[in-house]
Amino acid sequence: MRRKLPLIIAFGIGFAMLIQYFIPHPRSEAFYNVIVQQWFIIIFAFMYIFALRSFFMHHITKVKKKKEGYIFSAVAMVSVLFMLLSGLITSRGPFFDSLYNYMIAPLQGTMFSLLAFFIASAAFRAFRARNVQATLLLVTATVVMIGRVPIGDYLWKGMPALVEWVMTIPSMAAMRGIRIGVGLGAVATAMKIILGIERSYMGGE
Amino acid sequence: MGFWQRFLKLDRRWIFLGITVVVIIPLIKPIGLPIKPTKPVIDLFTYIDTLGPESGAVMVVTGFDPSTMPELMPMEQALLRHCLVKGIPVISLGGLYPAYIGMAKMAIDEVTEEFPDKKSGEDYVFLGFIPGVSAVILSIGIDIATTFGNDYYGTPIDSLPMMSSIMNYSDISLVVDVSGTSTPEYWLMYAQERYGVNVGVACTAVSAPAYYAFLQSGQFVGMLGGLKGAAEYEELMTRKGYPTGRRNATIGMDSQSLAHLLIILLIILGNVGYFIVRRGERKQGIIMRKR
Amino acid sequence: MIFLLILSFSISAKDTPDDAGGSITINAYNIPEGTQRILLYRLAGGDTIYEEVGLISIFKGEYDDASVVDGMEYLYRGKAITEDRAYVAEIKEYISSSPEWFNKSRTSVLLLLILFWVVVLIYIQLAKKNPEGLFIRRLPPLEAMDEAVGRATEMGKPVLYVPGIEYITDAGTLASITILEMVGKKVAEYDTRIINPHFDPIVMTIAQETLKTAFSEAGRPDAFNKDDVFYLTSEQFGFAAGVDGIMHREKPGAIFLQGYFYAESLILAETGYSIGAIQIAGTNATTQLPFFVAACDYVLLGEEMFAASAYISREPRLLGSIKGADLVKSALLILIGAGVIFGTIAFIADNAGNPTYMEIFNKILEFLARAAS
Amino acid sequence: MSISTSIWVWIAALLTLMVYSFLYKDNPFYRLAEHIFMGLSLGYTLTILWYNYIIPRVYEPLFLPPHQWSLIFPILLGLMTFGIFSKKYNWLIKYPLAFYVGGYAGLRIPLLLQSWIIRQVEASFLTPDKFTSVYSSINAILIFVGLVTTLIYFYFSKKREHGFGAAANVGIIFIMVAFGAAFGYTVMARISLLIGRMQFLIQEWLGIM
C-alpha cells in the first residue's frame, strides 16, 4: 500500500489540474489558484531547507577536514549569510540593492559575457567540413554571421534578405518540427507521470 | 605543412585575445560603418511613425535585467524617443517581474532628460511593477486605472490628464515588449489574442529566431532583433531627423562587425588548414581519428 | 426608385462564452461615420434608470461588461455620439450572465488530448503482449555512454553529471533523472566516482534517492557517496561558475549535460572540452541545441531524451508510449497534409467562384486558432 | 580621464577582472569570485523566497487575521519532506513529491498541447494568402517539406529504409541549416554582452571615453 498511495495522489492531483484547464467555472479557477499559489509554493519553500542543508554540509565538511580550497568554502558560507542578513535587516534597503547592482549583476553579466569568447573558440574548433551535416552547419552559420553585420551588405546587396530567408523559411520549418516533437515528448512524459508509469522521480523503486 | 598542423591546434587563448582586442578598439575610437535597416525593423518603425497624438497610446514594456541591458536598453530608449518626438502618448510599464523596474526607470529618466518639455502624466506615464504576470496583462484589458491604482511616482492614475482617454487595450494602438525572456509570447497569448491589441517585440538576438514564426504569421507587427535591430532603428530615426541620443547601438555595431569578421576568418582558415592537413595525411596513409 | 437600406446603428448582448460568469459581451454594429465615443448604459432588472457602464471600443466594436452579477437580468442601451448628433440602440429581451462548465473554445485541445491518451494506452497494452515487436532506432549518444564511463574509469577520473537548470516540473529534467539512473548503474559497475552538482533542491533530493537505488541495484550500495550529490546555487551563472570550477579541479573524464539549459550551455560545454572530457549532452531546450551540437561529442536532440529510458530499459510500457507518440506524430502529419490538399482545392475552387470549400477551410483554421485564447 | 572614485564601481570592476582571469587559467582569484557569486546569489534567492513567498503566502495568511487555517494541510504535506532525515520514514517524502510533480504534470499537458503543438500545426496550414506569388508559394512548399521531413527524422519506431530513410536525410539537412542559422544569429548577442562589460570597464571604471 505504501508504494501505491503516492501514485494515486499523483494521478488524482494530476488529473484534477488537467481537467481544470477545460472548466472556466469560478470554482475551478479558485481550485487552481489555491493549489498553485499555496500548495505548490509551500512544498517548494520546504524543499529549500534541503538546499541549505546540502550547501552548508558540503562546505562545512570541506572546512572541518581542511580539504584543499576550504577557505573558499568559508567565503561562500559567509557570502550567503552576509547577503541574507543584509536583505532581512535592512528589509531590502539601499545597501542590499547595492550588493545586487555592484556585485551580483556584474558577476552575472561577466559570466554571461564569457560566451563571446567561447562562441568564437567553439566556432573555430567545431566548424570543420568533416561531413555533409557539419558542412551545412558551417556554411549556414557563416552566411548568417556575414549577413548580420553591415559589412555583409557590401559583399552583396541581397545578403540581409538571404539571412531573412534562411531564418524565416528552412530554419523556422525545422525549429517548428523540433518544437512539435519536443511538445509531444513532453506531453507523453507528463502523461506517464500521471498514469504512474514514470516513477523515477520518486527514487525509482 | 607544419604550420597548418600547429594552426589547427591553436591555443584558444589567442582567440580570446583576438576577440578582446577587436571589441575594445572601436569602443575607444569609433569607426562608423554604415547600417542598412531590414524589413522587421522598418515595419515596427513605420507603424509607430504613422501614429500621432490622437491615435491611441503606445505601451512600452520593460522585460530585461542588467545581463541583457547592452542589447535591449538602446532599443527601449529609441522607442521612447520616437513616441515622445511624435507626441504619441506613451505608457512605460516597469515590467512583469520585479527585477526589471530598475532598468525601466533608468530608460525613462535618461530619455526624458532629453525632452525637458515633456511632462509625466501628460506626455508619458510610468507604471511600476505589480505581481501577477499574465493576470496583469489580462486586467490591463479591462481597466488600467483599477489594475495599477497609482503610477510609479505614486500619483493616482485617474488624476493623470493623459490617462483620461486611455482605459484599456482598445485605447492602445501598440504594445512593444522589450524583453530578454519569453514574455512576448504571454503578450501574444493574453493581450493580442484575447483583446486584439497590436503587439511588437524588441528582443535579444538569441530569442529572435524563435519569434520569426510569430512575425511570419502576422502576430507581431514588427521586431527588433539584437543590437543590429537597435542600430537599424537608430539609423531610421536619424534618417527622419529625430533625436537619437548617443547612438550606443551604432557604436556597438563597429565592434560587432570586427568581431564577426574575426570569427569568420578563423572558420575559413580552420577549414583551409583542415583540408591541407587531411590531404597531407592521406598521402602518408594516416587516418585522422575522429575524437 | 432604389430603396437605400440604411443599416441603422444597433447593439447586441450575450453572456460572455467560455468564462467564469459575471460578464456580458456587448457588440456594436454599423457604427455611424465619425463616431467619437459609444457610451454604454445598463438597466438592472427592477430598476428604472439606466446607469452608465463604460465605452464600447470603436476599434473592435465590442465591450465586456465584467461588473454584472450572475443570474441578474439586464437591459442595455448604446449611444454613439458623432459631431452633430447621437444615435441610440437598445436590446429588447433581458440578458443575464452565467459561468460555463466547459470552455468550448478549447475543444481542439481536448480532442488532441483524448487522441493522445487513447493511442498511448492502446500501445502500452499491445507492448505488454508482444514486447519483441517494438523497434526503436539507434540512439548513438546512449550507446556512447558505456564508452564514456569506461574511458573515465581507465584514466582514473570521475564522471560529472549536470542535470540542467530547470525545476523537476520540466520534462527535460525528468528525462535527465531517468538518464542519471542509467549512468549511475554504469558508474557503480565500473566502480568510478560520480559528481552531481544541482541547481534546484527538489531535483537534488530526487537525484540522491535515484543514485542510491541505482548503486544498490548494481550491487554496490556502499560505493555510493551521498556528498557527491550536492546543491550549488539557484542562479543561472552562479551555477555555471561553480560547475566550471568543479570541471577544472576534479578534471572529470566524462561529462553528461542532460536537461533543460539556457545560455550557460556553451559555458559548460566549452569548459568541458578544454579539459579534454568526452561530453554527452541532451536537451529539450531547442535554442541551446546548436551549441551542444557544435561543442559536444554526442547530443540527444530534443525528444530523443524522452526516448532514452525506453531505449535502455526496453520496458514494454515505455516502448508503447514512444510508439504512441510516434502515431500521434503521424496523425498530425496526415492532418497537416490533408490541410494542404484541402486548402489548395478550396483555393482553386474559390478562384473558380465556388467559395464553399474556402469557408469550411477557414472554419477549421478558426476552430484550431480559438484554442489559443 | 576621470577614474571612478566609487568603492562600489571598484568592487564591480575587480570582480569582473577576477572572472575574466578564468579565461587564462583556473586560479585563486577566479575561485574567490566563483564562491562569492554562489554565496551571494543563494543569499539573494533566499531573501526573495522570504519576502515574495513565505511572508505573503504562508506567514501572513496563517498568523494574521483572517486566519486561513486551511493552510495547515499544505504545510503538513510540506513537513512530510522531513521524513528524509530518518532512515525509517524516508518514504514519507514520496507524498509531497507525488503531489508536486503529478500536479504540475497535469497543469502542463494542456498548455504544451496548445502552444507547442496546436499553435505550430495551425501555423503550418497553407492558407491561400501564402500563395499570392510564385516566390511565396515556393517558400510555403519548402516550409511544409521542412516540417514534414524534420518530424520524420524524429520517428523512433520505424526503420529508416528506402522512402522513409530518404525523408529523414532531407530532414537532417533542414535541422542542420536551422542549427547553423541559430548559431550564426546568436554570435551578435554574445558579442554585445562583452561590449557591455567592456563599456563598463572603460567608461564607468577607467572613465576613458
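Just a few scattered comments:
Note that the chains are named A, B, C and D in the order they appear, and that numbering of residues resets to 1 at the start of each chain.
Here, a residue touches a chain if its C-beta (ideal position, glycine included) is under 8 Å from a C-beta of that chain, and two chains touch if they have at least 3 such contacts.
This is a predicted model, so every value here is computed, not measured.
Note: the chain lying farthest from subunit A is B, by mean C-alpha position. Looking at contact counts per chain pair, the maximum sits at A-D.
Subunit C and subunit D have CA centres that are 13 Å apart. Note on chain placement: the centre of subunit B and the centre of subunit D lie 19 Å apart, centres being C-alpha means.
Taking the mean of the C-alpha atoms as each chain's centre, subunit B and subunit C sit 25 Å apart. Among all residues of subunit B, those that touch two or more other chains are 12, 16, 19, 23, 67, 189, 205-206, 208-210, 213, 216, 226, 228, 256, 259-260, 263.
In subunit A, 18, 21-22, 44, 47-51, 55, 69, 101, 104-109, 111-112, 114-119, 121, 123, 125, 127, 137-138, 141-142, 145, 148-149, 167-168, 171-172, 175-176, 178-182, 184, 186-187, 189-191, 193, 201-203 are the positions where the chain touches two or more neighbouring chains simultaneously. Across the assembly, subunit D contributes residues 19, 22-23, 31, 33-34, 37-42, 44, 81, 84, 97, 100-101, 104-105, 108-110, 113, 115, 117, 120-121, 123-124, 144, 147-148, 151, 154, 175, 178-183, 185-188, 191, 193-194, 196 that each touch 2 or more other chains. Across the complex, subunit C meets subunit B through its residues 54-55, 57-60, 64, 66, 237, 263, 274, 286-287, 297, 372-373.
Per the touch definition, subunit D reaches subunit A in the complex via residues 8-9, 11-13, 15-16, 19-20, 22-23, 31-44, 46-47, 49-51, 53-54, 57-58, 70-71, 73-75, 77-79, 81, 84, 91, 94-113, 115-117, 120-121, 123-124, 139, 142-151, 153-154, 171-188, 190-191, 193-194, 196-197, 200. Put simply, subunit C touches subunit A in their complex at residues 18-22, 99-103, 106, 109-110, 113, 116-117, 120, 124, 168, 171-172, 174-175, 177-178, 181, 198, 200-202, 204-206, 209-210, 212-214, 227, 230-238, 240-241, 249, 263-264, 266-267, 269-271, 273, 284, 286, 289-291, 293-295, 301-303, 305-307, 309, 317-318, 321-322, 324-325, 328-329, 332. Residues 10, 12, 15-16, 18-19, 23, 33-36, 38-39, 65-67, 102, 205, 208-210, 212-213, 215-216, 226, 228, 253, 256-257, 259-264, 266-268, 270-271, 274-275, 290 of subunit B are the ones touching subunit A in the complex.
Within the complex formed with subunit C, the subunit D residues making contact are 19, 22, 26, 30-31, 33-34, 37-42, 44-45, 81, 84, 93, 97, 100-101, 104-105, 108-110, 113-115, 117-119, 121-122, 124-128, 131, 144, 147-148, 151-152, 154-160, 175, 178-180, 182-183, 186.
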